[in-house]
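I am attaching a structure below and will ask some questions about it afterwards.
Per-chain numbering from 1; labels A, B, C, D, E, F, G, H, I and J assigned in written order.
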């Protein structure tokens, strides 16, 4: 997987300034996951958001257009090899059809939107080993009939 | 995607008896998503859980071995065509690398387990359109060095 | 591509009764394309719609559950070989990125919904050769920020 | 997906001059979608059209040959990851066979041409959310027998 | 590659009656290649053509609908393993781009139609070894601008 | 598809001198299609042919070795996206098995050689629209038994 | 890999009669490898050869047409999993380009025919471990220029 | 297929000095096919062999490490497009299972080694057309039971 | 993944008799992993081993030929979806090149045999969670030069 | 397979200093396989481990961030062509399902962790040919029910 020059600059600046995504959350007023998506050019910032981010990272405002453009989205190969990312594909292999059953039972024919959608990641401390909690929240969209 | 004869029997019995997965949750003492995974032979029940489920569905106990076996897991094609399931793959294409960044920042080098893992689906009522909420919770596993 | 037994029964009944999809449009009160999607089990009918359709085709009402179920959608292989269907894939190869430019220019960052969506097919008579007109109409969904 | 240097120059010039594709439509006398296709080197301009476009964008006429050449067409991967473009593939997965049924019923054995073909994109304002309307119009070509 | 039951019946009847495709050419008034395409359900016959063919082969007229239907076309895998068929794919690998150059030079931007198209196969006797001659003839279709 | 630097030089020189492949046919004494194949480094010239071609194009004779080498043949992806080239693949999908039937019927078990092979492209003028005629001619090779 | 019913019958009869392919070589007058290819329906026998084989195996002559037909050749998946067969693919991965160099150096531009071709397998006894010797012998075919 | 800089230097030096692989066979004391494999960095030379080869080609001894390293082996794509190399894949498609039968019949359960293995290429002169003879010789390895 | 009827019979008999693979190890005198490989028709038994196994399982000796045949080996899809099996593929993605480095450093150019090879699985009890230990042991095979 | 510039620097420094991975094992206090994984950027070092390694190799400490980063893991193509690495994939094809049976029998439903995991490679001297021994040791993870 190749990462764009813009992404590399953003990640390097964040590292050299010792900022976490949570720090940037405060500065920009957006969730840390959304900001990480912006780093990877998977989301489109407003002029104001782009300026705040570049200022916080002490990077040139020449990068504003790259952050406000409408990106060609999608980062990875069809079957990812990185173990952390693969696990989410495996979850869909194992639990995809069961989730479809439950969602249809609760909502009817339609889907969960991946556009009108938010995603949060929390660390749940646990003496038996901390846990990663991922919360996805998307509007239900019913299939239109015509 | 072909569904096994066992899965078909379970789904048909549930439909004819007018039971929801939430109803089965009460009967069996397991979450509705896990029960749906069992329907699709993606999870392995105890003798007791299998018996309770088959009794609730008024199906023959001859299906106990099919439900307590260790299944070959994974249901779908490499790139799924069903829109509901595809959205979760799209989420990984768009947010996969950002999630990797956030998880590593919060936990270090490792992964979220897909085995010591739970998944819940809730309906969040909203006047602008109800929302699907998916909560994944997996133990963080740090890479061992040796 | 294998077609389900239900689809085959519906197509055979329609053929033997000499009905067109436009005829069924009148009977059922839904567009001919949506009805064809129902034939191929890509859409989910209400009890009432299913009953009207099966009655019009003089088929057993035992097929009602198959027509009201929530189907696993997606009919074809990754690269279709049928020339009529392939042309639409070719259109996306050639005009996909240009369409993305125009849609983003007119609407901002987001997508055209394929769920809150209708599709119509018209025959435009033309002395130089009749023309097929396909009209797709989907709600614009803006990417949510959070 | 890599975009050619020519495409990048055209897009950058258009952006820096603050022109929309609709503006270029007036200048060149071609539809905005066709012009966007020319930007992505998926269409072949006449000398005159190329000159008008480059003049409007204040770019060197050295780019004329690149715009009048016969391009190797097709922009994307077999399964696109960008959500906006993917939706059109999903539409074909769900509605491809139904469309084939309707087109054959109305026209007989043949296809809609993707060559003698136009494509328009309109914004339909709607208080419940604006809608994207895509109109494809292609000559029907009947299979020749010999 | 699986061949349909209809194709198998047609091929078996032709073999048992000792007829060549050239013989059927005389009976039906269509070219032998087109008739072979009909055998493989890649072409759509008129009622009259279907009746003549089935009569010549002494097969039941129950097969008429299968021969007059609008088939889902395309027979083979993405990369065929049969050496005779593979050679045509190899020809395209080696001579595809050269052909594109020559056709564009002679005709401009467009394609050779595969729909308004005929294909003939002749045996050219030659003392150094007989030769197969394949003649493809398709209407040139120029890309429409709009 | 990436084209080699040698191919680009040959095509640019031909364009700047205003020569057609038919013009080069006269100069070199080989068919225009074979010469186009040489441009794309899919054929291997003699020293004499290479010298004639480079002289006609006023290019350095340093390119002689590139034109007389034994190339690694094959230009394209498994499923080509360019519409002109794709049509030939579609022809094989639709007419491949019928052609196999006819060739075996006329010649027995074997193949048409793609090596002892020629390919010609002609423009057939027609008031209803000019036609592209492609003539392939290959030696029949019978399977050896041993 | 699925093997045809004909192949299974031939293999079972050979086993039950305790015949080796070398025994059949004597009976039929063809090499054991060619006979094994006939078993797998990758070669086409004459009426006489088919009759001799079926008689030797005490099988019904009803199988003659299956053995004299022109088979759709090619047995395996794109990347075979059987270790014995995979080794030959690995040999091509490692030694393919070196072989191409040597063959072009000795013969010029062209290929080794896989049609006018024989293949023999011998057991070479060796105290350090017996060796498998595979001898392929194909006519050199020079690329035709035209 | 991209060839390494080392391979290109070796091939260019060999060409400019007018040496054949057979000439190098004499100098280095290894078979011409093995030497060609070394050129393509598919084999690992001793210091002495590397020095002899580079001296014969009048190349810098700086290339010794590249020739004595343990290469990542495998040169080609999954399905090669070059006709000369493809023929060997086709041979495996057609004769792979027959060879498996013969080898198991002669040796039992196991494989021919592709490591303890040699490969020779000979030109067999023949008035009807010269023939390429490829001789592969590998140790038989029996499956261990434990 | 489809499992053969033979495999299903063996697994069912073992289950109904309450035998573990370790029990069969004692009866047959082969390792439990090898016996499991025989169950899945990935290994070839002697007449004696097959008889002992079928007797222990109280199955008909009609299955002897299926167990002594030379199987077409390889069970799974290119990228397995079952999490347990996938982990071994992931290990190769992550540690494959490092293992290659270490093996070449210790042994020189060559491979670990997968034929003259054994594999053992042990349960290592551990208060922090039991561990799976997999021990692979294969003969080193050095690349032959010739 | 392309190797990163960091990996190349590490390998070159190790070679020029004549160090083995076993030597580095002593210096750094980690196993040689883990160190090789670090060379290939498949593992993440502590500051201290990175400093020790770079000092031992006399490389600039500018490489510390590259060695302490959280890498995108996974090195190879879906089906590797290198024979040494392929053998491990073949082992999974042949023994994958048998291993699944044995592990489930000994441990129940779950997997061997590839994260809480170690891998060792030993050279077992043997007069009949030295053997490679690979020992994998991973924590058993039981599927959670919820």
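The rule we apply is simple: a residue touches a chain if its C-beta (ideal position, glycine included) is under 8 Å from a C-beta of that chain, and two chains touch if they have at least 3 such contacts.
These numbers were taken from a predicted model, which means no experiment stands behind them.
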| item | value |
| --- | --- |
| Contact-graph separation of subunit I and subunit J, given in steps at minimum | 1 |
| Duplicate of the I-J contact set - from C-D, C-E or A-D, the pair where over half of the pairs recur | C-D |
| Subunit B and subunit G: spacing of chain centres that average the CA atoms, whole Å | 48 |
| Between subunit G and subunit D, distance of the C-alpha-averaged centres to the nearest whole Å | 51 |
| Whole-Å gap between the CA centroids of subunit D and subunit E | 32 |
| Contacts with two or more other chains, residues of subunit C listed in rising order | 1, 33, 72-76, 78-84, 90, 93-94, 100, 104, 110-111, 113-115, 117, 141 |
| Chains touching one another, given as label pairs in label order | A-B, A-C, A-D, A-I, A-J, B-C, B-D, B-I, B-J, C-D, C-E, C-F, D-E, D-F, E-F, E-G, E-H, F-G, F-H, G-H, G-I, G-J, H-I, H-J, I-J |
| Sites on subunit I touched by subunit J in the complex | 1, 3, 11, 20-21, 32-33, 36-37, 39-40, 42, 73-76, 78-80, 82-85, 87-107, 110-114, 117, 119, 121, 123-124, 126, 128-141 |
| Subunit J contact footprint on subunit H (complex, rising order) | 65, 72-76, 78, 114-115 |
| In the complex with subunit I, residue positions of subunit A that touch it | 79, 81, 83, 86, 90, 93-94 |
| Residue ranges of subunit G in contact with subunit I within the complex | 1, 15, 79-84 |
| In the complex with subunit I, residue positions of subunit H that touch it | 30-31, 33-34, 43-44, 70, 72, 100, 104, 108-111, 113, 115-118, 141-146 |
